[in-house]
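In what follows, chain A forms one complex with chain B and a second complex with chain C.
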Partner chain A sequence: MNKKLIFMIFLIAINLLSFSNACFAVPATVGVKNFRGLYYSLAAVTGIKPTPEINKYFKSIMTRLPKDGRLDEVLNPSTLMSIKGLAALFCKEFSKNNRDLSQKSDQEILAVLSDRIYGRNLSDAELKTQLSLISSAQDKVFVACTSQASSMEFLLQ
Partner chain B sequence: MRNILVLFLSLALGVTYASAAALQASQESIDKTKLLFRRITGVPLNNQDPRLLQMAQLIENGEDQKAAAIATEDVYFYQVTLKNMAAVMSNRTETPYVGLDDFQATFIGAVRDELDARTLLTGNYLYRDKSNNINSVDPSRQHNIHYEMIDEQGLDYKSNLVKQEPQWSDMRNHAGLLTTRGWAISHYDAGTNRRAVVYAIQEFLCTPIESWKVAHLPDNFIGRDVDRCSGGKWDATQKKCVGDVNPKTFSDQCQTCHAGMDAQRGAFSSMDTVNGSFVELPPQRPAPKYSHNSGTYPDGHITNDDSWTIPLAIFNSQALGFDSKLPSEGTGINAYAEVLANSSAFKTCMAKRVFNQVCMRSSQGKDQALLKVLANHFEKNNFNLKKLFQETAVLPACVGD
Partner chain C sequence: MRSNQSNKKKLIIPDGHKPPVTRRDFLKYGIIPFAGYVMAPSFLTQILLQKSAQAATTCGAAGGSGYMPFLVIDLAGGAGLPGNFLVGKSGGPKDLLRNYETLGWDPRASGSLDESFGLPMAANNVSKILAGIKQAASAQTLAKLRMGSFCHFSQDDSNTNRTSALTLVSRAGLKGKFLENGIGSRNSLSGGNSEEPLREAMLKPVFIQNILDVQNSISHGPAFENISDRDIQLLSRSIYDMSAEQLRKFESLPEAQKLAQITECGYRPTLNYGKIISGLNPQKDQNATQVYQLSNNTTDENAVFSSIAYNVLQGNTGPGSITLGDFDYHDRGLDFTDQKDLQAGLQIGRAVELASRLGKPLFFQIITDGGVSSAPGTRNWNSDSNQRSMTVIGYFNPKGAPEQRRVQVGAYLDGGTLNSDVMIGGRTLFADESAPANVANMVLANYLSASGKLGEFEKQSQIPLRGGDLESILIF
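What follows is the complex of A and B.
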């Protein structure tokens, strides 16, 4: 269990580091989405209307998500795991509702998702990392979506 | 002939170029648009959304505020940004983790309809869901079911909230958010209604009591429940403190806060809660809580009605900036709320709250001049909070250059 947790945190840490400042305008202050912003942002980018399962989970972890949107609020395992969990639930529904996307190549899947979630194309380095992440996954759409939707770039406000 | 051909080609190219420009914007403007939209609404703007180019082109033309105005019409501005802001102001612990109630819905609706924000403290209205969504349960002073159902049904605030006037048909008094059930449950519940004074000034004038308390004000308004004989006790027959009394405790500590606070709390004397219901007491019959522990100092101030006084040392405070054209004393919660709403601290407070919300940071000393400018524009724009959001969000101090 502990090994699994450490591995998950490692994956999240890789995600957190996998963004480039050059890709988006840098505001005067960097903040992150708070719990409410994250919930509705996930709904907006996936196009998923929150299901009872999503809402139940959200209510249970809401207070572990960032309250005020300060960067330091996301820098702890409990918050990171909760963000990942919420993103995974939205992405599970997204994958279910977008079966045709899973028929496409890995590169196309990543391109579609990065356009939706990051609003840009992936850099070569990001593409390489994410291709290796989803290459052996059973549900590539779910894995890629969850990875991107819980990344620091997506969390940034 | 050749010249005509050149002219024709130039015109054609010009038209083509103009059309292309109409559909394109620089990457810099696109990035700025995305940031601006995210800051105002709390959610990202999709690449395929036609508003992206529309806003980017406005930004390229130097019309940043018009671009911001597109974002303030987005449904998530109401669902995320305004909800966050209203939630924090609505409750005692100032937590955003609270469900919708009448306080928050009224705040959100008033911003949407661009009402004069001072009416948030003085208005006789409430925002509720359209009756066709939630058939059986109307907003009530007894419970919050109506608003809980809005959230449970996932209804969006922007298109579903409607204004209800009067606020409560069975109440004499109205004072905007101060007479909502949400505020009542937070601040009229139990206690002595002193909390209502402290929080009204804290939430709407952004001034904690530490900043407006004044030492050595007369104690003539301090209630009977405040101990004047710290370390000893009051002897009713001798009419003095007896025992090992430390007189400085009352004068240096208790009196400093209570003199100003107790003088104002009469404004709320008709307000109370009973078993989760917000109730209004009949005229000249202050809530029983005003008489609790009256034996502690029987010669203390007795509240008989809803009259209130803002002691001059507080009324003239630069930090609060009360309007000298308005009275420093009066009767009723509405007249009191009007004094708060017309203070300079109210408009600065709203500017500060909007700044903190969209700029993702607390305003600091270096931002004070900016806040003053925003506050003055807010006043010139008839206290329109939506416009204040638009103006604040485009500031370089907020979203960068």
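What follows is the complex of A and C.
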């Protein structure tokens, strides 16, 4: 009997907690991925298992990447360059491992990458920017991937 | 009354975007007034782009604008500072002690005081720190330099004195354009030998061992080694354009302005960066090369110090710290101690002269761990002495000599040792192991005061100094 009562109280407490969270939750504000989030997100969207080269670079720049995920933490060029450097290493590996993708048309390359990185299609303006970037690039996949994975939307969470 | 000019709507076109040509462009920039529901997003975009442009002008704030360059000069080992800078009783340095026998000089001797910098120094070529400063900096530069002192206890031959104000200054708001944190010649939380009262790993200065370390720590990374500067710049342009475009999606968020700042202060400055970013290597700067007499050597102490001073002065980094070793120099003979003092003076003078040539202000703090006492009546330092310690601060203002409220805080006693009974706010802040941290906070107060931001002190400091108590520790 006692056990049943305790269980009931537990359930009610859980429900009350959920209810109060739902009712009074503060709307989430925009932040950026922290150093760990960036590393794992880049690994996830590229499907690349971090190589020793990636890990060595990550270790060397870790203290320059966002720690708490505050927007202030990316308000300087050196942090964004470090993010770009990390993204580029993942994208270099991605390009190496996906040679078949580079055989496709520019539009198709961009579509595949934007789906992986942003989970959506590029807007007209973004597409224009990206097409102009990769039209003359030697390694189109690397360049487009690095550009998308270093731009603001990927950083935000 | 608003002027006609201010009523005009500003059209702001982001860099790299074409001026409006088509109907679509005109709608985009809100030039064609249209139905409300169409106009609303354009109007918001317009505001956002204006904010973005405003953000561009305030990037300096993120880069430390308003906070002058700050440098710690750490003489590791316990330098004989009172043998170079005059210490006095509670009336100030010229309230002379009964004797200076164990402090290495006699300030009562004729012509023994050089008062060029406010705080008197040992003239007649007695103080080699003074000689070094005068050797490295021009008379014109030094006319705009003033110094003052804090008389306090510090532990001998120990890095545990929390005298460095570097992280306090960092947290107060001095951030670099490229490296937000400070830089230092020692791999420690203060960037120097002595510790800091504010121990925060996130404020740890970048360790500099090579003149190129600042440049190398701001690079695109190994993935770009075989990519041309032109291609790197095209990529940066694409990232900037993508981010500016993506910004529009977030225009209704409260953080929209901050996001615009990221685009303008974070992404935009990288547009012209190639593999090597200019303006970070003092070897490429004529003034730095001349002042520091730089050669091709990238790792000698002078080269490393030049890199720290140069990048701090240029606002590329937060505050800097240079540590000169071997100042535990008692029983090493006068030649050796003079040579060490001269080396310290040269580094101080070079930093000030470079500030002058670059047209920048500089606030510096000279610290040491403990001190020394001399054989009576000589300048032969023969033992450690934590009761003969002090910290000196200096402020160079390229616009003219800074005004000083006083030149000494704290005091010595007639016998030539620290007066431990000096009280501020009913507390003895200069006497025991907490003295170095108290003094670091006082240095912060002076730095903020010189930067016109004394109002920030209460929020930033770790000791409760207000009103008259706060005023009583201000040199600048």
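Just so we're on the same page, the second predicted complex is superposed on the first by the 129 of 157 C-alpha atoms of A that agree within 3 Å, B and C clash if a C-alpha of one lies under 4 Å from a C-alpha of the other, contacts with A are read in each partner's own complex, and residues count from 1 in each chain.
What we mean here is this: a contact is a pair of C-beta atoms (placed from the backbone, for glycine too) under 8 Å apart; a residue touches a chain by one contact, two chains touch by 3 or more.
All values derive from a computational prediction rather than experimental measurement.
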item: Overlay on chain A: chain C relative to chain B, clash or fit; value: fit
item: Chain B versus chain C as contact partner of A:36, first or second or both or neither; value: first
item: First (chain B), second (chain C), both or neither touched by A:63; value: both
item: Which superposed partner A:50 touches (first chain B, second chain C, both, neither); value: first
item: Comparing the two partners chain B and chain C, which touches a greater set of residues in chain A; value: C
item: Which of chain B and chain C A:140 touches, first, second, both or neither; value: neither
item: Touching partner for A:148 - first (chain B), second (chain C), both, neither; value: second
item: Minimum C-alpha separation between chain B and chain C after superposing on chain A, in Å; value: 6
item: Residues of chain A contacting chain B in one complex and chain C in the other; value: 29-30, 63, 67
item: Residues on chain A engaged by chain C in the complex (per definition of touch); value: 29-30, 53, 57, 61, 63-64, 67, 71-72, 74-82, 84-86, 88-89, 91-92, 123, 125-126, 129-130, 132-133, 137, 143, 146-148, 150-153, 156
item: Chain B residues touching chain A - in the complex, by the definition given at the top; value: 28, 31-32, 34-35, 38-39, 42-47, 76, 79-80, 83-84, 95-97, 154, 359-361, 396-400
item: Contact set on chain C toward chain A in their complex; value: 62-63, 175-180, 202, 204, 217-224, 231, 234-239, 241-243, 245-247, 249-250, 253-255, 258-259, 261-263, 265-267, 269-270, 273
item: Interfacial residue positions of chain A with respect to chain B in the complex; value: 24-31, 33-37, 40-41, 44-45, 49-50, 62-63, 67-69, 115-117, 119-120, 154, 157
